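Note that the chains are named A, B, C and D in the order they appear, and that numbering of residues resets to 1 at the start of each chain.
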């Protein structure tokens, strides 16, 4: 218990995020089905978001909202970094956009050739 | 198989890189330079208690405008990709079988429970979405979150009533106008205040009240509307790709 | 030099020309007789070549294949005369130095082509395929025997440090031991082997093919044309002998010396010609590119080692 | 308020975003209201973006401060800022210009879908953002905006293959941008800021393993977006399948944005500079090797695009490493603008023609306009003058030489040569008329963007020349003259010759009027001679489209060559000459393939010259030709490089394989120019080099001695090969090669006599080769035959041509008394003087061999049996005979009075080598011998008259009768047809049996092997592109890992 407790919480999130990235990449590289590859991408993306969030964590910090709970004077020492939170918000939306476009490609590819296998789409090469 | 092994090796090496990252990571004990500045100056400068919102809407407003743009173009892209194939113009890759499939409605109607729940919850979901983006500068939340909630309402609707009609015209008009208005507000920042996307074109108002923090709520309204309708449009596209104009 | 007395020069040269032509025809007869003796025949009388020429001049068949055909023998004879004109015939004699002040050894070597080229063109216009075949073979062989010859020439140019024929002869004066034959025998050997090809006797006579009439460039020429060619054959042959004599055998200070030396040089070709059967052209070419060329190369190496300080 | 709006927003760089986004958001609404209005808004927005970037860039160029756009009214680093400085402005303007042109090209496709319009607008805005933003995360957003818009536009046509390619593209780029994001957040973790300037200012904070990995991720992901080898299969697939307008925008626009992003973050990446250069270099070289195998046009352009981006990256890294960032605008900017315009133009052209296989491009063979565009764009891409790439490559190579980076120079030039090989092969296929392919119809408006791109290339090329302080006004004269003549290209063929002659004469006179010495001599020869031979061009009565403009360019570029004071001017003229002569060669009957070979060898030669100049520059810091001699220790190297270059151009032994075919297949009158005039440019170059370098005592003699051997081997083998030719033009072509060999040897002697002989032979070669090739032109015109054994007996029909040919041949052979003898005599003397005895022997041998082919030419063409179908042939046209006659007169005069020529030659050489010519009256004396030309003429004339008069006298007694054709010793019976009686085919069969083994085409076999090996290498290198998206993705991963390992990541 104590060993786990000693590990900073953000490091756990960070490592989970990095692990998620690897899992996602594994999926993208080995799964021949395009939908599964997209799932892999989503995993990677999520992993990155976790890493981003973990980076913004300040030991013992709280949400960066300056109101009664966190008075203005103490703000600088009590809140977590708002920047990564802002960034992750943007990153999520971008990931969403990419995923949407990927999915529509997958849909169209299936329409066009009745398969979702990536290794059956190799007519352009060399 | 060899290829798999190779992939595995590569990922192992990548894991090594990640390990180096993680093992050299130490948790921050104080805010970064940027964070420090935002924490100390943010509330006075912009009048928004939620610092994330201040960062998102003003300090990094250009990011947010870009983000809205990303969403806009992915919606447009999805629309472009999943547009209806014109019947007359023979698409080579489209085989006969598909056409039959397309024309026949393939969606099963939802169960009565879902339908009822939707009718009950939908207005509340949308209302909640609006609340979230209107209070973005005060509490956790904001335009994107609110928009996403609205879109989840749409999702509800589509699940419950697969055949329900969503007005493309309405969506298009709202997303175009709200996007354009966002740009206009940004430009007003140059003319009336310090720079592009400066939220201080309007009075900062009372700190912590709903109508405060300058143009932030206004921008969040546009963002919320835009995100909500765009996500709805994307969902609608995927629901049944070959319908509607365009 | 510019103020030469053209008239007397021309007169002296005409004299040289007459002597050399006469001598050339005599040698021709002598050679035919010699060959006949070797083959157990009686052979022709000494007057025969003169009679042949006179007879042909006055023959009346007169046809022409065209202007170039007509000019062929003219070129041929002019080539022979011109070559002689650029060679100093008798050492020490202003009278018989001809027009050698116009150019050096290099001029002589290149001018030797003049007659061949004109002849080739004349024969070509006749339209007779054998003419063309003969010329093609002759030219090919020429490129081959030129190689040892030129190597020898370069060797002696290195040796004497001059291209002037008069000076080359001058350098060989003062006794037989000063002849190139004895000072640079490798060069002489290479040149003499080349000489075999140059004279067109067996084994290098396929381009003329004297036995199998009618083959070779003169196939279509007869009557006066033929007489000019015959004259030139004697004249040009003698001229080449004089050139070789000047280059390798000490030149001549008088006509008697000249005749003896040239005859002896000629005999080399004849003896080889009597003794050996005929080469095909490609065999001849290969021959010249082997031993004679090697000897020529050695001659230059020798000259470079001995004569270049 | 409105004026504030206009002045502070719309006219500022910020206006680009405002307008793009505003228009983008509103396009769907406009579209619903009225489709046309949406298109109008779309185009207006693009035009406004061009205008804004243009206005602001001009302001900055006129000295205004760079514009820093701060958002949110708060100073950076706490808010995002954008910068519009000189570099940004240049890139933005270029990209926007390309974008609006691409939009015009794509409009038929785009206007079908309103979303396509808005995606396009936002794509362009995204690229602008990538260039201008100064915030790392904001950069990520713009990359993503650009990417997503690109994805969507790739899929606009929705065929199976383009969708598949698009999916691979998405997977690859999304992996890359994921890593970018990861790197960004860790940089923020360490630096505490996202502003790039701020990060750079605090770069000491970005350290340790975390900083190392973060930088690595950011850098590598950007590099991957630039499609480095081998992690670029996904890019190629898209280039191949996407609509050409989209592909063009990816190639020139998106890549430009990413490239600029790399530039921005480079200050952080000092540790990685070597890796960046290496990646750029390898990508450039390898893509061009693989390109050799490619026959799909768009994929070909893809390889070229990737290669060009590699080149840009390489240049950027090297420039920064060499601390030469002041040259960035010139080199990187020049290369970029060149790639942008040329590549985009080519993609559009590919889209218009719509033939994917390069073999099908013969469809445009009959369309001069399209060919002109294709040629212009390809020439620009290769970096030929006057286009921007030329200037940039020049500057880059000079800089690299200065930094001692010779390995990079070789790589650069080899890569460029390979690129030229496949791009011009494509052009060759387009040039090759083929009846099987129907003509295509092309919409005029569609070609407008391509045309504008070509014009802009000319314009920017001119602009860059002024930036480089290049005396542009007169150096551009050839091109201007070409354009002027192009305007009247529609006129009847013969009418165009006269204006061409007038323009070239006037221009040539103007350019060369102040020259002195050797240059003056060569100006008579090249310009005067060129004009003389060009008169003969009138003998043809067809339209000859393109012939006269190109000829004017060619001849005037010779004039500028002579006028050149600096190596830059020299190289400019040289390349212009190469290009125009190549195009002229391709105008010949079967000239396309030989033309390509000619071009490649010429370019190879040019690159040797280029490198030579670069080494000289590195040693002296000067590009003055006159300072060539000051190269110090590198003098031998400079001399060797330049000499190799010129020898290749002259068809030296071993590198002659281009020569026979190029000469044989050109237009017959152009062959005369090629052989008589153009080959002299090589002589000129060689003599200039020899004069400035070769004669100096401190250069080792060895390079000159080697050159002497090369020359004589060329002479020997040229002659030997000529002997065995059946084709009359090939025979004379090989003869040209051989004759030039003597000249090379003469120059290599580095002695006064040697040079006089070389120059004398040069003049002589001009005269007799001019006559010979013009005679041949007449013969071919009449007989329509090039194989000599199909001719024969033509003396009857063309006596004048025969006489001219004969005189030319005698002048060539060296038989006294005509001009050839003097050259041979002087050469031999000079060789003996120098002690080069073996070379002298070979010179003798080769001149003997030359007799074989010379006789063959006369015999088999003019003599022998005439063919029945040739009985009615007429003499060659008078216009062909006139220039020949002039040259005959010149030969005769020089033969009799060589002093007239030798004196000026000697004077021209005097500045470098002391005069050793001793005149004794009319006789020239040397150490060895003497040569009295007038006297020889007299004697020969005299002895020739003797037998002639004799024969004439005798013939008074003849009744000369002309005999019938077959009235020979066959006793007047026709043995068979003339074909069988004419001994001509395989004339020297016996010689072949004896010496033929010497002339088996070993050189050709060697070069064929080189070609084969390059192709094999290409196939080997491209095995990674197996079409599988996952393999492509894997390579991206490998790239990251490899970058990590190569830069010592394990030790961090």
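In the analysis below, a residue touches a chain if its C-beta (ideal position, glycine included) is under 8 Å from a C-beta of that chain, and two chains touch if they have at least 3 such contacts.
Being a predicted model, the structure only gives us computed values, none of them experimental.
**Student:** Would you mind telling me which chain pair, A-D or A-B, is linked by more contacting C-beta pairs?
**Tutor:** Taking the two pairs in turn, the one with more contacts turns out to be A-B.
**Student:** Roughly how far is chain B from chain C, centre to centre by C-alpha average, rounded to an integer in Å?
**Tutor:** Taking the average C-alpha coordinate of chain B and of chain C, the gap between them is 105 Å.
**Student:** Just curious, how far off is chain D from chain B if you go by their C-alpha centres, in Å?
**Tutor:** 53
**Student:** Hey, how far is the Cα centre of chain A from the one of chain B, in Å?
**Tutor:** Here chain A and chain B have centroids separated by 16 Å.
**Student:** Tell me, which residues of chain C touch at least two other chains?
**Tutor:** none
**Student:** Taking each residue of chain D in turn, which ones touch at least two of the other chains?
**Tutor:** Chain D, residues with two or more chain partners: 137, 141, 144, 148, 151-152, 155, 158-160, 186, 188-189, 194, 1034, 1037.
**Student:** Would you mind listing the residues of chain B that make contact with two or more other chains?
**Tutor:** 7, 11, 14, 21, 25, 28, 32, 34-35, 38, 60, 63, 66-67, 70, 73-74, 77-78, 81, 93
**Student:** Among all the chains shown, which pairs meet the touch rule set out at the top?
**Tutor:** Contacting pairs: A-B, A-D, B-D, C-D.
**Student:** Which positions of chain D touch chain B when the two form their complex?
**Tutor:** 1, 4-5, 8-9, 14, 18, 21-22, 24-29, 32, 69-74, 77-80, 82, 113-116, 118-119, 122, 125, 129, 133, 135, 137-138, 141-142, 144-145, 148-149, 151-153, 155-156, 158-160, 186, 188-189, 192-194, 208-210, 213, 1031, 1034, 1037-1038, 1040-1041, 1044-1045, 1049, 1052
**Student:** State the interface residues of chain A toward chain B in the complex, per the touch definition above.
**Tutor:** Its residues touching chain B are 8-11, 14-15, 18, 21-22, 25-26, 29-30, 55-59, 63-67, 72, 75-77, 79, 81-83, 85-87, 89-90, 92-94, 96-98, 100-101, 103-105, 107-108, 111-114.
**Student:** Under the stated contact criterion, what part of chain D meets chain C in this complex?
**Tutor:** 793, 795-796, 799, 802, 806, 810, 813-816, 821, 824-825, 828-829, 832, 835, 837-838, 840-841, 844-845, 848-849, 851-852, 855-856, 858-860, 862-866, 920-923, 927-932, 935-936, 938-940, 942-944, 946-948, 950-951, 954-955, 957-963, 965-969, 981-984, 987-988, 990-991, 993-995
**Student:** What residues of chain C sit close enough to touch chain D in their complex?
**Tutor:** 1-2, 4, 6, 10, 57-58, 60, 62-68, 70-71, 73-78, 81-82, 85-86, 99, 101-107, 110-111, 113-114, 117, 120-121, 124-130, 132-133, 135-137, 139-140, 142-144, 146-147, 150-151, 154, 157-158, 161-164, 214, 219-220, 224-225, 228, 280-282, 285-286, 289, 296, 300, 304, 308
**Student:** Touching residues of chain B toward chain A in the complex: what are they?
**Tutor:** 4, 7, 11, 14-15, 18, 21-22, 25-32, 34-36, 38-40, 42-43, 49-52, 54-56, 60, 63-64, 66-67, 70-71, 73-75, 77-78, 81-82, 93-95, 98, 138-140, 142, 144, 208, 227, 234, 237-238, 241
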